[in-house]
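Just below is one structure, and these are the notes that go with it.
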């Protein structure tokens, strides 16, 4: 049993445990233990990874393991992690952990909820540990489909419509992706599905790359909320229950960026070079467009969803800059956005649970009655607009500095465009904070609200601590990621 | 005249033995003994399935009229398993219907069609093939009209009969032209003769192949499918949709490669177009269906389109993927039909709206149904995902990128309508959902097998790899 | 000088501690913790200044000292954010200014903010601000400065919005944050451009002797200007945002919504001069690489100074008067930098700017604290609610007067010396600027004394109160205003004392562009001119405002256009409002939101609807008629055969 | 004219048989598509099957006289036709019992 | 010459009655025309020298199938009752399509079939030979299909009885 497979095994065992549980208490026990184990595992993994690296292991991936699965297609169950995956695993563990606490009182059908939730986790963890194209795609889809039921059953508002839209659009993305993956496999000689080996072969003809790169990139881009395929995001996030929004915006959208980088760019560097400008424009639009879109919204979740479009756009944007710094920044932005957007959604869920509205026009002065949530919301907002010492800053700055190092003027001008998003972000964040957290209380019913209870505090505090930790001491995570993007970047600038 | 060579046809003879035994038993058994007809039949059939599950070396019988290759054992086993599941699901119905007097006919007819499919699969000559085709379709018409006092079933029987006969007439005409242009109806000889793309041969091929398209129910030869599926008794429908179709796709693949291999330039575009049209049209129709049986009919048409992706590749990879796909399809579709049939038998409800809120009252059935639909839609980790992936791979391997792309876009539509059912069961609240449905032991067994199949087949690669051992096997 | 790290760490700890404990402390305890920490920091700063100015002078030039530096975030091999402490003359000077004012404000607030809800939070934020501001001034590289720059911005946001349930305070906080953030964006872009060409963030390298770092960007131009000019101009915009230069000044008057001590600390003495400090920090770059930008700074500064001074003359809210005065004075500093040379005598402007920064911080803080004292007493910001307060509040009166004299440039108060140097430098640069600045100095004297008289003289407060009959009955302080308690009075007295003596500090010996000694010598011609002009202005103000008179109204009537425009701050706010509401919100954001819903989303929905539509349209194919089925069958067969044979 | 004489004077070509069978086949198709009674449709089907039979026989006799493949094909096809007819008539009778009509247009309960 | 004439006569009979069979308004007439067609076909078999086939055709078709038809017609229709007329538009469309198909297939067949108009001499097939072929298991021998068609017949009988019987 490979060490990494435990990450997939734990959620599987959680599902078994959930299946055997009879009441909410048992369910929560299973979930808490499982989520804590995952946290511990990712901490252990990080420690082991860093020790191994410090010991001078320079392999591209560590803790590799490989088992033949479907021999005729060269499908292997192969796992391995580098700094990027480790970072993503940490993120996933944090989000899953906090997600459990955020859905402490989920109703109805708690058992089913947690079952689907665990299935989703399987997909997420599997995606990040695998190095095999097929398995990666499989996990990717595993992570998608529970969304439908999670949103459809436990969601709010136009949940059925949103769930359907989200599922179909993401499946559309994965349809593009599948063609891309198969194309990669067959045009690289159909000898291996292993990412690293394909990259080493580096023999996909450029004219084939021209077809498969956009397909793959767009396929992952849909999940990464690439303009104009982002419209599932506002509706989906708005309707999803708290923990699902957290997991989806926090981790699932990262699958897009991670995949675009790991698969599309890594395996098809020539086409990436040729076509980057198209996607740079699209992502540039995403960044600014998402931010402007957020200004006009009145629903908290919509605001945050558009904000995610903007932030995730920045991830893809930075990846396409194809230099080490920008890419490192992109990965850090994934991490940072995951944390803060999860925090946002957690808080929005908690506020919604109390006020029963998410319309910013109907709320105000919550700081007075909900000081803990209020302060946390402000912190989340500050992280989102890139306040130094919070995670958003380090990520965005790395991206901006990195992108600006590009020697081409076009890229630098685009970077400046992207930089402008920090102001727009400030506008909508402050608009919300000023309206609902500060200001006078709008609704006199809100005066009787009670502040966060312990499990909510756990969820929120963990996220805030993580945001602060990353924002204040970015060095180790940045270097961990930085040295892991080198092989990919090396491929790209070869 | 050495008849002993016939003994090599083990599958056929063992099936024939079961048939004859059951027929005689049905006719001559006492009223008391007849109670044991179904268990006995099931046991016998299971034994037949198990006995014939090991592939043997290739051989020929009757001067090449009957050709066996090991791959055929797999497809026959798949059909056996499917038939077994159908019989399990029909258990209760047969006991209840008409006080159970028509069990014997049901079994005999089903098994004779199965025998016909065996012949189609193993034939090495158009004559035997045509006999097999007819054996697989004429008794089927009687089966469709099994519930004959039901107007819908009668109507479905007639529709199936006339459509099938029309198709086989055209097919026969095609065969006659093939004979006319090649001078033989032996497959092995034809493959050698049919080298240059003579227009007559091409036309003959088209006339012939549409007969198979009809059986697979590909657009535009599919129009009978929903009507017949809707009207026929549910277990017959499931048999029709799974077994009949499964055998036909295998045969289509074999014939295209074995006989018409030299016309590949011609049949690939045909299949290309038919695949695209089938998947798309079926999906577009399915979106609107309110009756679940019709719904599954259109779904099965589009599934057939996906199977064509494996056929169009015409490679060993495609063959393996095809058999695998059929296997997975058997489990998935039969799970769906099993749920459908148990609910229909108890409550008489087959409309989509009736399924609203099913999860509240029948969580297990809803769960099985959901797994089945997810598998059909190709969602991991269920088996359907793997089978879809493999057929796509097989097609991409031969460079059919655009085709696969179109097929993949269609999966979105198909996902949409599968989700509609899931939505009804899980999301929509209902005032009066279907009450708790109790299924009998046989049905439970079949659903358990199906569920296991859906969950396990994909994750255990041994099955695919085992099929792949015989690669092409034509 | 390792201990300087404590100057940063202590307030940070204080912030975290107070922030986390929040209401677990009694308000007084929290206040005392904050104040004591600040006291320690002040002591440390003084000690640092002492040590630095006595020990780090090598061959007559003050050295730059970096006692502490660590890599915080690495971008590329060349570019990384380091956090460190850079000790040189201006940063030491800033340390002293900030810690002093901050300490005074902390002390003052103990009494001023007594009984306010969120007292603990207030002290936490003050600590945060102090931390950020100190971090800003000791930054070793431009990115560190940017980091603290942002932190300063957010502390300012939090403090302005301290009364968060008051919509106007929230709006002001938002405005302050967004406007400065907008400027920061240019700052950031400037940093990006600069670092792209120079491959460094480090101040030491940028301002060092060796201009080789600029070689890469030397030839490059963008839209007709050299890229370095762009970079430095963009960086200046960042500074302009914080320092409220035209046209980014709009946030500062609104920021007066915050508690008055905060205004004193942030919006008068420390944060708003960050822009000046930034330009001073990068002065060698401006001077040697992009002199045209430096001149631009001078012109922007001059215009802002004039603009703000004119507005200050007609404002009626005393804090706003002070706010515009602040803008005007900071603009003075900018002008001084803009007109400055580098070495020796030519560096007058630089030295003057820093000197004025120093003195201004003291007397402007004094003015604000005094104003706070007044507001505390009368519970209003409006001049019309005041008058004749000198009888009730003698200490406030005297200290306020001293500050007014200082800002008006009357010797021997500190303002005279620093302003005189600025004027001298301006005259050297160009007589036009010189005279303009002199005129503005006159305006300064006028509006300050207008303010002074309106508060402390004029119609008696009690009479006014009786006449208006409002504003006092609502709260429990009674009718008579009274002098402030010790905690508030002490800072006033202390700062007044500093204002009195600061002018005699031989500032040039400590701070100059090159680090070498610079001897201040007062240019008598300029000095006399300015003093005379100031005295005339004061006299005019005395005539107009000492006693209640109708002259101001008449004047206002005769210049009604100008008066109205100035009272409305020349409608700059409205322009901004137009840009944000009408253009950004309504012309960009709303269309985008609409586009997203009705075009992009509708396209996606369109696919679904089209499928449904097609589905309904083609249902007639499935007619239920076998013969039609057969027809389709036949047709399909023939079609396939025909197609395959034809093609 | 010459064409006609040569046509009648020469030996009967295989095309002539094929022409007959083709006409018969498409007559059957026409009948299938247009007749209202199911029995008539069945008649049409017989025509179509019979047409194929003629083909087999003619091809066998003219082109491939060596073996009897077409011959036997026809033989078995006749048997199959008989089976088809039997079951089809059974089904038609069943329909008649249910609907008291053998009109094919009445089979429209299931559609769309 | 006689052969030709017989052939053309048969051809005309088959063609005309085929068309009549599918266009006649009276169902019983249709059945009768079909009988003529089948007999004509039998004649063609005879013409080509396949006497055995001729016999089977007469026996099975004319003897068996036609009886079934007549029986069914009598069961379901009053004799002489006219079949309802169809929509003319459908007839035209179907007719045109059939004609198009005819033309198309005719064209393809005519230009691609091996043009042999001379009958090779064929040795008489004795019943023994036929029987041996029917019972043989080698190539060109037909025991296997023979057995299988018996199963088909059995299945069809079972099916037909099941469907047709009253209960």
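Order as written gives the chain letters A, B, C, D and E; numbering starts at 1 within each chain.
Rule of thumb we're sticking to: contacts are C-beta pairs under 8 Å (C-beta built on N, C-alpha and C of every residue); 3 or more make two chains touch, one makes a residue touch a chain.
Please read all numbers here as calculations on a predicted model, not as lab measurements.
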item	value
By number of C-beta contact pairs, the top two chains	D-E
Far-end chain from subunit A, centres as C-alpha averages	E
Most centrally placed chain, judged by C-alpha centres	A
Identity of the chain that, by mean CA position, is farthest from subunit C	E
Between subunit A and subunit D, centroid-to-centroid distance (C-alpha), Å	66
Mean-CA-position distance for subunit C and subunit A (Å)	37
Cα-centroid distance, subunit A relative to subunit B, in whole angstrom	42
Inter-chain centre distance, subunit C versus subunit D - centres from mean C-alpha coordinates, in Å	98
Touching two or more other chains - residue numbers and ranges from subunit E	90, 94, 97, 101, 105, 108-109, 113-114, 140, 142, 145, 149, 152, 156, 159-160, 163
Residue list for subunit B, restricted to those that touch at least two other chains	127, 131, 134, 138-139, 141-142, 145, 148, 157-159, 162, 166, 170, 177, 180, 199, 203, 226-227, 416
Where subunit D touches two or more other chains at once, by residue number	18, 28-29, 32-34, 41, 53, 58, 63, 67, 69, 72, 76, 80, 83-84, 87, 90-92, 94, 104, 107, 109-111
Chain pairs that touch, as defined at the top of this document	A-B, A-C, B-C, B-D, B-E, C-D, C-E, D-E
In the complex with subunit D, residue positions of subunit E that touch it	1, 3-4, 7-8, 10-11, 14-15, 18-19, 21-23, 27, 30-31, 34, 37-38, 41, 44-45, 48-50, 53, 56-57, 60-61, 64-65, 68-69, 71-73, 75-77, 83-84, 86, 90-91, 94-95, 97-99, 101-102, 105-106, 109-110, 113-120, 122, 125, 133-134, 140, 142, 145-146, 149, 152-153, 156-157, 159-161, 163-164
For the subunit D and subunit E complex, residues of the former touching the latter	8-20, 22-24, 26-31, 33-37, 39-40, 42-44, 46-47, 50, 53-54, 57-58, 61-63, 65, 67-69, 71-72, 74-76, 78-87, 89-94, 96, 102-103
Contact set on subunit B toward subunit E in their complex	1-3, 5-6, 16, 23, 61-66, 98, 102, 105, 108-109, 112-113, 115-116, 119, 125, 127-128, 131-132, 134-135, 138-139, 141-143, 145-146, 148, 157, 177, 180-181, 186, 198-200, 203
List of subunit C residues in touch with subunit D within their complex	619, 622-627, 630-631, 634
Subunit B residues touching subunit C - in the complex, by the definition given at the top	158-159, 162-163, 166-167, 170, 199, 202-203, 206-207, 210, 214, 220-221, 223-224, 226-227, 266, 269-270, 273-274, 281, 283-285, 287-288, 413, 416
